[in-house]
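Take a look at the structures below.
The following pair of complexes shares a single chain, subunit A, combined with subunit B in the former and subunit C in the latter.
What follows is the complex of A and B.
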């Protein structure tokens, strides 16, 4: 079954994905995403009744003792935005 | 005598230990080779010339004093630029991480450094591993050193090209759906995608967390076995690593293959496979017969659905993993004061078309009302694929397939048609959802002289089996 994705659909997805798109980009992606979704529709042909994926290998329930250890240095972590950090915190524009 | 950059790791270690060469000479040879090749190949995003030479000198001095050295002392290597390396830039091939300097080392880097190996540089790749050609990188296209008009494969294309031409003696790639095996195939080298959980992913920038694997790219099978012995094993920083003991893979390379069973997957030699590639695989089958193996035809009946399942899950996980690329803490810094605008613009400017496409399709596949139809259905198909694979291994020791249905395409040949590019990965993407290991090794050349790769697939944690089969083949065709 052919899956139609409109330019409006793409713009809506872009909002959900937090990506700025030009109108031109939206037109290209509408065509491409439509083709991709049409292709993956074929998954419906597989009988998966009662089947559940659990894990790749048989590894499960990995536990460890909760012992505090030194973590990364605050200065190191902030150095990619040094000009925007203050007193060990990152300063961003107000959200509300 | 070979140029030093042409040596394998095992050969170089012998010469270093017998003091016939110094690490400084070896590193210098690789750096000169890089200088010679990079203007046409562009395999590297970052080259650590000074620190590599300094480290080499320090190791030579320690060796001269008779101090104890690590198992890879003085060997230059490269890392795909998805591995965090303290105090060095890490871009993942994406503009969105431009300027990012990591505050920590990935586990694989820490392990190699603890064995006194020398990081020579960080290699180019499709952004976040999104691609099979290294044409999508924000840091330029990488060319295939064997024919510079062709792609090196991807996404670890820089690593493939660097190992092929001698820019370091080995590289660590990252494989989510063939990103180690495809460039290994196109560049004529050996590339291992290990079992999921065999090598720690800590510090590897995530593409699809349930597929991602860390593996060696080397000139031959023995080098691959040696490097895996060093990088494999449990890591408390990656809860998905296995505590199964790491075998000494080199010790079983010589085991006889008499009476072993090789499964040939009939669906992987059908339509769409180049005749030269098919011929090469048929020849390899004859080699295994000569080695005393029994050949068994195997069917993986749901192969046709594997690509679709792979992509739905892979890009869903990618869209989630890439949510952190928001420009707030690191990477591309778009100048605007409004917080939401900053995120949207950072991603609009920082992501390439392939990144945008995958994040958007993944977002769609996970969105309310569609998650059952796409993501959950794909996970169920994944369970069916795993059943098929485990069933195959009840009858055979390994599976033998082409790595890629084609040899390296020309640059620009497939870039306009993303779906066609995705379909090229049919034999590699089917492996990651089920988590088994797979190895690509050279198996001859096509009529244009481009390398053909053959893929050996083993059961979970069966890397020792893969290396045994690969080494026996490699030695036999050398005769």
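What follows is the complex of A and C.
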């Protein structure tokens, strides 16, 4: 059960993630991601027949009541994110 | 539209829920007119270690929407991550619902020219809004106060065949969420938005077309209508040439409805949906459903049908009254203790004269809307003529005087003394022998005599009784 990831797969993932890759990088990552997938595939060796779908936890229905609480200070928000801000907005180069 | 094609439309409608806090964190969800980035926290940004916890009220409102749209409720439901990268989504994913939406298989009945039509609702699910980007001068300004505000998505089946059906559906949907206090659905504030899925097929064909054009981010019903018109023209031109329009997502150029091809957007598989690992499963109990069911109220369509059936209100008047919560509430208060037989007439005056006054005149603070009921009752009892009642209403609205005062001042009491009316009628008939002759040959000509008599009575008699009297004397 060896599943290889192709260079095309990597390029597709890069497009979805808005990351530019050179051809060499795509080849490198195809190898590396392929190796990770092969490693994780070990999980498929476990017999899961008859095992019911289960969430990550036994908890159910964890809710919050609809009560607003103070948010972060605007100064901290801006300081924490990008170097550039104007009038409280974060500014990036145009995505239009 | 071109008669040789039939329109196939499905709609996705987003409404922002009216909660106090956001969907998965306690930030204040009221972002309107707030300084940018003042309602954000680590959960909004998806910072490491942040834990999203669903807002109970928001989930309840989504269930409420589903119930109002006759959906089955998924007893076992969950949230999923929809992964994509865009600057207004700093987490890199939107928390939404994939394979277990809260509501499934519902419907909404709308009025069409050929009667009631049932529009299928595929699903109703809960998700969160993204941030706001403003593009200016080569820069994009990001404000995340809106990110994480609860959003309910209502997906219809491709059941619409005309633009009018789409409009009616959107308006009904907006009324429903307002009636149920789920959302203000104020389109100018972006609280209700639309996505259009549209294709055309040759008239007479029954299978769905092999292509579908999607237009996202439509901010109002009027722009939605323009987009449909534009796409009808564009797609039919392509089909006329024997070609098939490209399956694609198109973007709005501006508010004229014109669309343009967008760089290819993600396919569903590209979103790499997977269960949100930070939020435990949700089990919706029967108790929860029946508690929310109790919050439902009479919906616009039911209300309209009841108005017509129980009070004989004309359909167009009923539609005007039910179109808005404040309006139907005022009307219902107004006619609460009114004789049933008068209600349909009140509805006519309320949506006619009274609305016109509200739009065109300044109301005196002493005016009470109950004056309207008083006047309509007097008209029905033939104690004041229709024309004088109209004047009295205007007078009362602008001066605040009571109807009683106005009638007294202006001498609007109707002459109901038949003896006096008969005397006037006799004088008119004897001084107009030619008109009497004409009227004997042609009953329509009697209106001249009625007019003369009414003038003599200064309009203060019931025209119908005057006419009846003259007709009986002509025999």
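Note that in this section the second predicted complex is superposed on the first by the 61 of 96 C-alpha atoms of A that agree within 3 Å, B and C clash if a C-alpha of one lies under 4 Å from a C-alpha of the other, contacts with A are read in each partner's own complex, and residues count from 1 in each chain.
FYI, a contact is a pair of C-beta atoms (placed from the backbone, for glycine too) under 8 Å apart; a residue touches a chain by one contact, two chains touch by 3 or more.
As the structure is a prediction and not an experimental result, all values here were calculated from the model.
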| item | value |
| --- | --- |
| First, second, both or neither for A:44, with subunit B first and subunit C second | first |
| Which of subunit B and subunit C A:77 touches, first, second, both or neither | both |
| Partner chain in contact with A:68 - subunit B first, subunit C second, else both or neither | second |
| Chain touching more of subunit A, residue-wise (subunit B, subunit C) | B |
| First (subunit B), second (subunit C), both or neither touched by A:24 | neither |
| Which superposed partner A:10 touches (first subunit B, second subunit C, both, neither) | first |
| Residues of subunit A contacting subunit B in one complex and subunit C in the other | 16-18, 55-57, 59, 62, 64, 72, 77, 81, 90, 92-95 |
| Contact set on subunit B toward subunit A in their complex | 99-101, 103-104, 195-197, 210, 236, 239-240, 242, 302, 304-305, 308-309, 311-312, 319, 323, 326, 328-331, 333, 337-340, 342-345, 347-349, 351, 353, 356-357, 359-361, 363-364, 367, 374, 377-384, 386, 418-419, 433-435, 460-461 |
| Sites on subunit C touched by subunit A in the complex | 19-21, 26-29, 35-42, 44-45, 53-59, 78, 83-87, 133-135, 138-144, 266, 270, 272, 275, 277, 279-283 |
| Residue numbers on subunit A that touch subunit B, as the complex places them | 10, 13-14, 16-21, 25, 28-29, 32-33, 35-37, 39-40, 42-46, 48, 51-59, 62, 64, 72-73, 76-77, 79-81, 90, 92-95 |
| Touching residues (chain side subunit A, partner subunit C) in the complex | 16-18, 55-57, 59-69, 71-72, 74, 77-78, 81, 86-96 |
